[in-house]
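Next up, some structures in structure tokens.
What follows is a pair of complexes built around chain A, which joins chain B in one and chain C in the other.
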Partner chain A sequence: MSFRLYNYVLSGNCYKVRLFASLLGVSYESIAVDFHPGQEHKGEKLLQISPAETLPIMLADDMVLTETSAMLGWMASKFDAGKNWWPVNEPTKITLIIQWLGFASDLTLTIGEARLHSMLNRDVDVDRALAGGKRALRLLEARLTEQSLRGSQWLVGENPTIADIACFPYAALAPDAGLEHDDYPVIRNWLYAIRSLDGFVTMPGIHEVHKLRDTENTL
Partner chain B sequence: MTTEPVGLSVNLPSQRVMQARVGDADIAVWRGVSGKLSAWLNRCPHRGMRLSHGFVRGESLACLYHGWHYGSDGVCNYIPAHPDLEPPGTIQTTVFSIIDQDGVLWVSVDGAAGGQDLPGDSKPVRSITFSCSAKAAKDALIGSSVADGSGGELSIHDIAEGSNRLEFKSANGLNSVVVLLQQPSDQSMIAHILAAGDWSVDGMIGISRWSETVRRQAERTKNVPNSDCQDEL
Partner chain C sequence: MLGLERAKDDWYPVAIAGSMGECESHTTRLLGFEITLHGGKNGAISVNFGETDLAVQVKFDHVWTTFCDNPRPLFDIPEGDEPGRVRVPCGVVRVKCSPLRAVENFLDIAHFPFVHTDILGAEPHTEVAPYDVKIDESKNEVIATKVKFFQPQAAKSAGDGIVTDYVYRVAAPMVSILYKTCPPKPEAQDVITLFVQPLDEETCDVWPWMALYDYENSMADMISFQQMIFVQDRSILENQIPRKLPLDPRMEIPTRADMTSIAYRRWLKRSGALYGALTEAV
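And now, the complex of A and B:
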């Protein structure tokens, strides 16, 4: 077994790991945690593993990881022999990837917060979270617009990287928080490109691309 | 209601669907596998679901809710729960006129859509949404000039009365930037931006950044209600 993941199905951060593992074709051990309503991540059993009170938790190579950027970086280093997802030999690219990994945390703190309120009724400053989420989506749209003018549909360089995986879930889940994608055409194209990757998996709120089955009437 | 620009063609590839607003009408715009465009009232006749959440199957759009399929004529042609039933022709969406002209999608909710001619070599830059009144957005656009990326500027050239089109031209007249304005609500404005002439990638990126600068200015002056300036647009 490659790693163990303490996992919650509705968490966009846990989904980053599930999605990337599937894209890499890596199997792992998943332990379901009752984040809501059970608050199991704040129970003594999980605090013994990680006192951070957050999900996901990844156990990998004797490390206890609580930051998804580190998890994605570890998985790419370990399982992507082609070094496409985390191009360690290209200084400009990995620097920009780190930049967008940081931005992914902003998405969690804005869209993710607003979503916790709308889905689980958490007590958060919704107006502030939504304003921050809108600002973040505008930054993402601007970056992806410039990349598309350069001829790329990805955040960094010409291929998908862990930056795309890190930013994807909460950008895709923005409608859960009340931020529709209607005003962001290039984000829509980018979401579609990620959903079209071989090995893509869904989570509640993020659908697969509907492909025609051979048996279906094409009308 | 005249014809409104609702998007750049490049942002709606085949087999994709998007939402648009023209006047009071909420609209689903989609392309079949062949690239054929349709614009419909954004409401499934079955249960009222927004069809812009649906998905394209061949030359039909399927509603996300119960999967009812509608062909490009807007008539229901398949109901998954009753696969052997030929749906009655009375089950149909409200179909509007749409055309793709020079890379811009134009929709009319009353009569045939008529697009506008653009300079022949126009390339799409982006569609950008302003969260402010139409007047604030238009004032900020008219009051600015576009840098051409090599030290020159494009200044405002053409503001036809009541027009939803602004055109910026370089001093030698060879390069131009066309901004087509769409007003989806009282407090938002979408600028569809294209560039014609000799533009490098950096020059095109410069136009995109210029549009963000103008948006910041427009949103600072904020929120003049459109009712005060209806004849402006």
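And now, the complex of A and C:
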């Protein structure tokens, strides 16, 4: 196996890794963690592996990784021979990618938190999380609009990169937290483009392209 | 409000048994009223509504409460107590929809191939064969039997696609129970339930619970499987308009496959279980 993933099915961060592995055609060992209701990620067994108290945890090449940015970077370096997802030889692009990987963490802290509240009853400051989530979606919409004027539908450059993968889950899951996509037409197109990639996999709350059409028609 | 008085006579799940520490407390809602849960000694949980202590009982690994001094008795699931079953409380998932919509969706097989693609259903196996639905008058429950459906992965414990046999039981307006083929033990049936806590008419907390024969998979695997399925439903449920469940046939036309759903709606109407329902009849 290429790596081991401590995984939770409803986690947008774990999904980044599942999705990217599937796009790259890489198989891995997945270990289910009872994040809710069991809070196993804060239990003794997992704390022995990593003190981060967050998921996912990836064991790869003798490393214990707890940051999805690092996981995506490692997977791209290791398995993407074409170097499209993480173009190490192009300084401007990787710099901007790192910028957007940082932004992806803001999405976790805003939309991700609001979603934990609205879905799993987590006690969080929802007003702050929702306000932050809206601001993040506006920023994302602005960036993608700027890119589309340059003729690209991706966050950085002309191809999908790990920046797109990192930002995709919580942008896509915003409706789970009550933030609908209606006001963000360019984000919608971008979500659609990612969902159309070869090897795309879904998670609960994120539909396959033709499935979404079906449900939209029956509503 | 239509149906509130009747709804107050039932028991509702509000927590997983033993999930609160001593002196911990936490506020939630039931039928639009704020109630407070308190953790006591040995994992006990008590429930207050203002100054009043509400009746509490523990069953199916959950804490149940009611506003009524003389409530309708809580139903039984005798199979759940069979030795050898793993009992799995799956945690709570909040959904912005009528509690009745959450139950109705659970009863509807026709959506499997589209919402739980390649798990509980797959194209082209979208036909639901005719089955029996009736109201068991002695227990006042809706029962659907002889339901058969092809499933690529019927349970975490299922290796391959199988034709699954189902029995559905609506034991109370906000409780739905199903019995389905248990892949590792064909002579038995897995029990999967949705216990619904109505926060108000358009919001609910859903507490899935299972009693399975599965010695292979970890608890985390079984819980993940169920949460995956239920959260796939959640995004559909939150988009259903209107939020309340329409009981008049004119307002929404269920498909032929939804026989259980039709029976459920009729039974709700005839029972006066109108909390969370939309109806023209006043």
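In the analysis below, the second predicted complex is superposed on the first by the 210 of 219 C-alpha atoms of A that agree within 3 Å, B and C clash if a C-alpha of one lies under 4 Å from a C-alpha of the other, contacts with A are read in each partner's own complex, and residues count from 1 in each chain.
FYI, a contact is a pair of C-beta atoms (placed from the backbone, for glycine too) under 8 Å apart; a residue touches a chain by one contact, two chains touch by 3 or more.
Only a predicted model underlies this, so the values are computations on that prediction, with no experimental measurement involved.
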item: Touching partner for A:A32 - first (chain B), second (chain C), both, neither; value: second
item: Partner chain(s) touched by A:V9 [first = chain B, second = chain C, both, neither]; value: second
item: Contacts of A:T92 with chain B and chain C, given as first, second, both or neither; value: neither
item: Partner chain in contact with A:D176 - chain B first, chain C second, else both or neither; value: second
item: Partner chain(s) touched by A:A142 [first = chain B, second = chain C, both, neither]; value: first
item: Which of chain B and chain C A:M119 touches, first, second, both or neither; value: second
item: Which of chain B and chain C A:P204 touches, first, second, both or neither; value: second
item: Shared chain A contacts, counted only where both chain B and chain C touch the same residue; value: 219
item: Interfacial residue positions of chain B with respect to chain A in the complex; value: 7-8, 11-13, 16, 18-19, 55-60, 62, 69, 71, 77-78, 125-127, 129, 188, 190, 201, 204-205, 208-209, 212
item: For the chain C and chain A complex, residues of the former touching the latter; value: 16, 19, 89-94, 96, 114-115, 117, 205, 218-221, 223-225, 227-232, 234-236, 238-241
item: Residue numbers on chain A that touch chain C, as the complex places them; value: 8-10, 31-34, 36-38, 40, 118-121, 175-176, 178, 204-205, 207-208, 211, 214-215, 219
item: Contact footprint of chain B on chain A as seen in their complex; value: 138, 142, 145-146, 149-151, 180, 182-183, 185-186, 188-189, 192, 210, 212, 216-219
